């Protein structure tokens, strides 16, 4: 393999890592809900794409700048997140994980169908920022839009981490994730924490959906299942319940995905991602940063 | 009439899919891999009847064995992965199988036709039934004979000590171990049995649809597989059957008049069902109540 | 007298915490040995180690002369060790009858062939389980789901299930917790009946009166170490024991 190929490979991986920031956001959403409620919300990626679609509707009338569309997506994501909690989790007994799993599956199907109905299944264009900007760094070209996606995603992660570790709300969330009963005895409202968790992860999801749309250039209902699978893989590799893990795993999976694609082509690419997951499950089932196990 | 026979065929095959998930779910393992075993069964049986001219029943037997072996192989690493992580691992397994068949091509020249699986295009011309003069009615009866056999087998398993042991493992692994149960053997066995049943179902599926391709065996099918036993309730095989009839018969076909909106309704109904009856339609309480209605309490009745 | 259980230098560390620190304990056949100590002294950890739910950091567990330290839990049950759980761990969605059925490990059962034992119906197991149910006064609840039983009934079922495994050595983890005086009396007589049936018992308890009444020997733990061992009267008078439970001032 000569130098040119090497440069192309590195370029490819770099692009992948930048795009991987969206995977990281999805992973954060999955992992945060798991951390607080010990349940997986399978409808999360679909809801994120749904929020991005919703943002298109919201600004359909006005010729809005892209940044406004992204913000609309975040807001829509938050609303959808709250609704998902209400309909899929609030009324189902906690001791019944199978039921919540199925309810989130139902929500996944529901959201997908709503998208297909309102758009007749046709992919829609999604605005991007800095799409005509190319930053050259030596032999490498960094796409402006991808860099923006990366930067915004990182900003989102920072805000989230600040929220979790520097606010009372974040403290309450972490308390509930470790000891729900004791938290209630300390006066923390579990319902409130759960709702807030879902709304916040919904906002993160909305941003993830918007960024995915911005990076690809368009939205399609066909995105939700592959994104769900990728998001779950990122969550598991990073360690269920660990946000730093989800972030690192997201970037790694993004980069590796492009590397696999570069060396082995698109059709085999996902197969290798699966093998990576299996390797983790066999050798490090806790993921990179496993959540500390409780005393029970 | 053909329409209803076709519907019965679908219900039959999906019941097998549901039963395969039921066996695994009893031990507390939420497996989204059943669609993968189903796919393996479909391709194996199809290839044997089309490319190697095998008769149907031995081909189904072979697909059961291959799927069972794969399931056993999956069963062991599955032990290392707890709870919801197993969901992800099995989703990934199912996807890996689908991707494998997406890339899999093995064709044989037969006259001026090329037969066999062809990557993304799938596996066409699985024409065993038409070539051997089976009518739609024949196929349906065959499917339901198999379903009846499998259901009887699982029912009998459920009532035997093995069934109670499976459920004990699903309830509380620590307590089960302390009661002398080898949970490794139990969980892997359950996964293997599930694989065998799914393999048979897949083999039959390949033959009545005559054309299979990777897209049919994705995450959605996998979620249908576990949806049936969860919706139907895990205390009884009939719950799974009921759920299949409800979903395929009522929701998907019966609401056909609603056009495209029925898919919307489907998702919504699942959410509603889980909120209203989290333990499924036929949960343990419902079954006991039904029992007491139908069968008067006899003293000396064992189970 | 034959030694049923021999703990040699048994040690378990959790990170920096020495939950069990070099315990030596021998239990002879037919004995009822009490294991007492303040909370956190390592009693439940020892039970989990003996049963195989936790791997030891160091030391050995000898059962009937064989080193079982590496055996998986279910194998130890087959050899003849059974236990109850401090927080009851019944199979809630199984009936009372089924709870005993899955734990059943009798000799006559072991003589049946594989198919019969696993896939047979309930007939053969019937008599034995019925007898156990009678003994624990649970026969009338035979078809009830374990989760629907009253707390006292659940405790009895937990005990019954451990016996269904036909153990040589029975580990009772705080069986008297939450019981009133009458129930403790019943427990006392049931434990004595075990000795009559030739079962060796290791009793972990806080209920001092029960232990003093029923145990032949008592071992006292504190901070993972054995601080005293002997007859109940001897142990009660030991200053180290009183210090562990009551503090130094009480002894002085």
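Each chain carries a letter (A, B and C) given by its place in the written order, and its residues are counted from 1.
By definition in this document, a residue touches a chain if its C-beta (ideal position, glycine included) is under 8 Å from a C-beta of that chain, and two chains touch if they have at least 3 such contacts.
Note that the coordinates shown come from a computational prediction; the quantities given were computed from them, not determined experimentally.
> What topology does the chain contact graph adopt: line, ring, star, complete, or other?
Per interface graph, the chains form a line.
> Kindly work out which chain lies most centrally, taking the average of its C-alpha atoms as its position.
Taking the mean of all protein C-alpha atoms as reference, the closest chain is B.
> Distance between subunit B and subunit C based on Cα centroids, please, to the nearest Å.
Here subunit B and subunit C have centroids separated by 42 Å.
> Counting in whole Å, what is the centre-to-centre distance of subunit A and subunit C, each centre being its mean C-alpha position?
48
> Any idea how many Å lie between the Cα centroids of subunit A and subunit B?
One centre to the other, that is 31 Å.
> Could you list, by residue number, the parts of subunit A that touch subunit B in their complex?
By the definition above, subunit A touches subunit B via 34, 38-40, 87-88, 91-93, 96-103, 105-114, 116-117, 225, 228-229, 232-233, 235-236, 240, 267-268, 270-271, 274-275, 277-278, 281-282, 285.
> With touch defined as at the start, can you tell me which subunit B residues reach subunit A in the complex?
Counting only subunit B, the residues touching subunit A are 25, 30, 77, 80-85, 87-89, 91-93, 95-96, 99-100, 102-103, 120, 218-220, 223, 226-227, 230-231, 260-261, 263-264, 266-271, 273-275, 278-279.
> Which part of subunit C faces subunit B closely enough to touch in the complex?
Counting only subunit C, the residues touching subunit B are 51-53, 72-75, 77-78, 82-83, 85, 89-95, 97-99, 101-103, 105, 117-123, 125-126, 145, 161, 164-165.
> State the interface residues of subunit B toward subunit C in the complex, per the touch definition above.
156-157, 159-162, 164-165, 167-168, 171-172, 174-184, 235, 284, 288, 302-303
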